[in-house]
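One chain, chain A, links the two complexes that follow: it is found with chain B in the first and with chain C in the second.
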Partner chain A sequence: MDALSLLSFAAFFLTFASFFSLTCLGLNMQWGFTGLFNVGVVGFFAVGAYTSAILTGPAYPDTLFGGFGLPVPIGYLGAIVTSAIAAFVVGFVTLRLREDFLAISTFGIAVTIQLLALNLQSVTRGPNGLYSLPKPLSGLSESNLVDNLLYLGICVLCIGAVYWAFEQMVRSPWGRVLRAIREDEQAAAALGKNVFAYRLQAFVVGCAVMGLAGALYANFVGFISPQDFLPIVTFQVYVMLIVGGSGNNLGAILGGVVVWALWSGSGAVIAAVLPPDFQTQAAAVRIVLIGLVLALMLLYRPAGILRERHIVSREARMSPQSRPTR
Partner chain B sequence: MLKVVELSKDFGGLHAVNGVSFEVGEGTITGLIGPNGAGKTTTFNLLAGAFPPTGGQILFDGHDVTNLRDFEIFRLGLVRTFQIPRPFAEMTVLENLMTVPQRQLGERFWNNWLRGGAVRNQEHQIREQAIEILEFLGLFHLGDAPANQLSGGQLKLLELGRALMSEPKMILLDEPGAGINPTLLGEIVDHIADLNKRGITFLIIEHNMDLVMSLCEPILVMADGALLTQGTADEVQRDPRVLDAFLGGTPA
Partner chain C sequence: MQFVADGIVFAAIISLGAIGLSMIYNILRFANFAQGEIVATGAYFSLGFVALFGAGIGSIGPLAFGWPLLVSIGFAMVATSLMVLIVDWLLFRQLRDKSASRITLIMAAFGVSLMGRNLITLIAGGDPINFSFFIPRAVEILPSVRVVPDDIAIVVLAGLSVLALHLYLTRTTMGRWMRATAENPTLARVNGIDTRAVIRWTWIVGASLATLAGALQGHIVELRPEMGFSLLLPMFAALIIGGVGNIYGTLLGALFIGLSQSFAVAIGLSAYREAVSFMLMLAILLVRPQGLLGGRD
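Then we have the complex of A and B:
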């Protein structure tokens, strides 16, 4: 493999990892900081992907709605808006529930969204999917590599912006209340915090970022179908967050990259190592492998690669000069 | 300050609190005693809005708070602590306290993007206030420690500290003396008396009779979900029905 194709591969790999890192950041806001057990991550990712696809995609002969062919940035913004609206509606009805019920209902909603994508053929083309989605900044050069590097740049910018925004939000009195709710909801309410309102805010903000990640994915790959949005994705994102470090925004980004490397790398290894008779089982072996990584991580480093910071809000240290604790 | 009229709470067929009426005068340290299962903590939960009553009315500081939610009651200046302390375990002692003040600028997340300076100034004020309270409670040296490293007695102080951060009019203390050593108990008693002099009204559930008899006036006695009697420490101690209730006899 020469340097150029290596670079090309790296750009492609990192672009894919960035979709996961971004989704992970969104989940970290919900699970890592607020303790919301959202098991419908892939549903909000899908809402974002389909929104951008419908807004920016070409007109298809067999759909009744869509094909607006709008500029891609509008697709991204639209994805943020629709996934936030979806999260608001879902959150409004489910966030009063205790965590196990929240998990069940969000899981059900993700499955519902996937089934909608599969069956609402006049909008989503069902199993045939939406294709020929435009990629921004493409066509500036002849080379595929430059295209991919530019797209990676967009993804990195998005992650950087979300990271900055989230750090501002979380390392503040607002983040302090989120953590208090995670630690003890009833005590937080007894201290005058409107728990439901904060949970809803964290849920909507997190889902909006998942939607953006879905849109970035859709316009990069250029083709989406319901097959892309199976519940296993939610599981992957949780593994990423736990491995990277739940409650740490840098950890969330890192977890996306590390676990995606394991996931895509393991495919090649399995193909090389597994006897021919078992090759058809490769996908299952891969899931087992990721499960093993998760179990080992929980045993030996439960806080993740980058652990949560001990002091949440920026100004909450006894003496500003004293050494930061962890 | 606080007036309770015919307050009731049923759990299924169980009348945990059954038509209780009493008043807590402004500036008092009122005691609430009774054997286990008398309905004391349930009464606290009703007063603090943890769940709504089945019947009756609660008036606090001129407001009808009967059906208000817990965080709404808190905002009116009625704060509770828990029988088993409920700290935010993974947060530092200082942050436990700094979480409490209401309507902080930085509690609206967009202010942290747009008005960083104003948020920071307010944070400094809140930190000052929290540090003052930590000094008062003798927890200053633990400010940066996570709450899960505190002893049981220190957690009681932390709960009291959180309550104080809201500058409350009245504090409901659920067994401040349970499970802590006599030295710390003495400290807690001093703190309560001190805070009372500064104008905070207390309603205290407690099993430690030394604490109750020395600190509380008047004392309310509950048994089987009903108010048995009330009076000064002397009166209550002489009442044969109170003795019966504690020693297992059913009240006549």
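Then we have the complex of A and C:
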């Protein structure tokens, strides 16, 4: 493999990993910091993807709604807005409930969104999917490689911005309340914190980021269909977050890249080993492997590669000498 | 009224599957996302034993299945229970010993669900399979209500199983232990109840009923690796609608879900029937979070 195709492969790989890293960051806000078990990750990712596809895509002969052909950044913004709205509605209904009810409800949301994507033919074209979605900045150069590098740049910028914002948020008093709710919901409530409101905020912020990731995915690949949004995606993102280290934003980004590397690497190996007739089996082996990774992580290293840093307030961080003596 | 008949048949299958969900929820206190795969595993084990015995699935009178299938289901119950106990021993028991949170258990179950589904695909292939090809001959039981004799048999089998479960929970020592452990695990342990045995038998009873659910569903529809996973949402809905922690509530919830899904099909919403049971569940959670019959936290 020459250097150029290696670079092209790396750009492609990292771009895909960045969709996952970004989703992982969103989930980290919910699961890592607030302890919300959202089993509907792929649903919010799909809402973002479809929103951007409808806003930026061309007009199709067989849809009644969509094909607005708007600039891609508007697609991204729209994805953030619609997934945040969806999250607000879902969260408002489910976040008062106990944690396992939330898990069941968000699982149901993802199934419902999948059913809508599949059956709302006049908007989503059902199983045929939406195609020819525009890619931003692709007019700047003839080369595919430059195209992909530019898109990778956009993704890295998005991840950087979200990372920076999330770090500010979780270090703020607001972030401390989230962790307090995660550790002991009743204690947080007893301190006068509106647990429901904080949870809803964390849920909406996390889902908005997932929606953005979905939009970035849709406009990069250029084609989306309900097959892209199966429950396996939710599972992959959880494995990424747990491997990377939940409660650690850098860990979330790292987990996305590491697990995506394992996933695509194992896919390549299995495809090379198994004859082409066994592609169904190959996909199954891969999923069983990733399930094993999760089970082993849960059993032997639940904190992940990068552990959560203990962030305490300035006052508490003072060295013992400088602490006022009684 | 055709949809009522269809709904009751679906409810029978849902309730057999959801009982295991409800029992694990009561005893181990987590939502077992892998319950669908227990159903599917049971169905595929039944298929395996039918193939092993080589006697087809038989027939009794107007029914398109007979003793060969029932005996195979019996063997499949044992095999599925063993499988479930192995998974519990390898994963869930260890997480319990590390006093992992409820959410960790749910996540582990989510992983088991995915692995189970794909192991089935790996071994049996991803295409739908049937026990046998029978052409259902519907009979008219009421004016303009037609049912296949096998459907009636399914409802009867489910009813007998539920009755047996009721007697088991109220008349046997292990059943009483289960109810005591569900009520208060610490107090149960202090009173000398072997909670490990209770957990073991909870898995076995749940897996056996799930096997029956899977085999019956496989008989009247088909076997697919995702067959259990697509029952998961209706089963959860039955659990929550009936009231978590109340097995009789789960049965009522299953009836509710069965009827509403077949009603959805009857009014032309068949593509959205899973979403219908989910929306009902959300509505119940909003209005009456303790469920129809009321549960325990």
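Rule of thumb we're sticking to: the second predicted complex is superposed on the first by the 303 of 326 C-alpha atoms of A that agree within 3 Å, B and C clash if a C-alpha of one lies under 4 Å from a C-alpha of the other, contacts with A are read in each partner's own complex, and residues count from 1 in each chain.
Basically, a residue touches a chain if its C-beta (ideal position, glycine included) is under 8 Å from a C-beta of that chain, and two chains touch if they have at least 3 such contacts.
Note that this is a predicted model, so its numbers are computed, not measured.
Engineer: Record, for the superposition on chain A, whether partners chain B and chain C clash or fit.
Structural biologist: Taken together on chain A, chain C would fit alongside chain B, as the superposition shows.
Engineer: Applying the document's definition of touch, where does A:260 land relative to chain B and chain C: first, second, both, or neither?
Structural biologist: Neither partner.
Engineer: Quick one: classify A:151 as touching chain B (first), chain C (second), both or neither.
Structural biologist: A:151: touches no partner chain.
Engineer: Now for A:45: first (chain B), second (chain C), both, or neither, which partner does it touch?
Structural biologist: neither
Engineer: Contacts for A:193 in the overlay, against chain B (first) and chain C (second): which applies, first, second, both or neither?
Structural biologist: first
Engineer: Figure out whether A:20 sits in contact with chain B (first) or chain C (second), or with both, or with neither.
Structural biologist: neither
Engineer: Looking at the overlay, does A:12 come into contact with chain B only (first), chain C only (second), both, or neither?
Structural biologist: Neither partner.
Engineer: Nearest approach of chain B to chain C by C-alpha atoms in the superposition, in Å, rounded to an integer.
Structural biologist: For chain B and chain C in the superposition, the minimum C-alpha gap reads 11 Å.
Engineer: Give me the intersection of chain A's contacts with chain B and its contacts with chain C, in residue numbers.
Structural biologist: none
Engineer: Touching residues of chain A toward chain C in the complex: what are they?
Structural biologist: Per the touch definition, chain A meets chain C at residues 35, 37, 39, 93-94, 97-101, 103-105, 107-109, 111-112, 115-116, 118-119, 231-232, 235, 238, 242, 280-281, 283-285, 287-288, 291-292, 294-295, 298-299, 302.
Engineer: Which residues of chain C touch chain A once you look at their complex with the stated criterion?
Structural biologist: Those residues of chain C that touch chain A are 30-31, 33, 91, 94-95, 98, 100, 102-104, 106-108, 110-112, 114-115, 117-119, 121-122, 125-126, 232-233, 236-237, 240, 271-272, 274-275, 278-279, 281-282, 285-286, 289, 297.
Engineer: Going by the contact rule set out above, which residues of chain A touch chain B in the complex?
Structural biologist: Chain A residues touching chain B: 165, 168-169, 172-174, 176-177, 179-180, 183-184, 186-195, 201, 205, 308, 310-318, 322, 325.
Engineer: Using the touch definition from the top, list the residues of chain B that touch chain A in their complex.
Structural biologist: Counting only chain B, the residues touching chain A are 48, 50, 69-71, 74-75, 79-80, 82, 86-92, 94-95, 98-100, 102, 104-109, 112-113, 116, 119-120, 123-124, 127, 131, 140, 143-144, 146, 162, 166.
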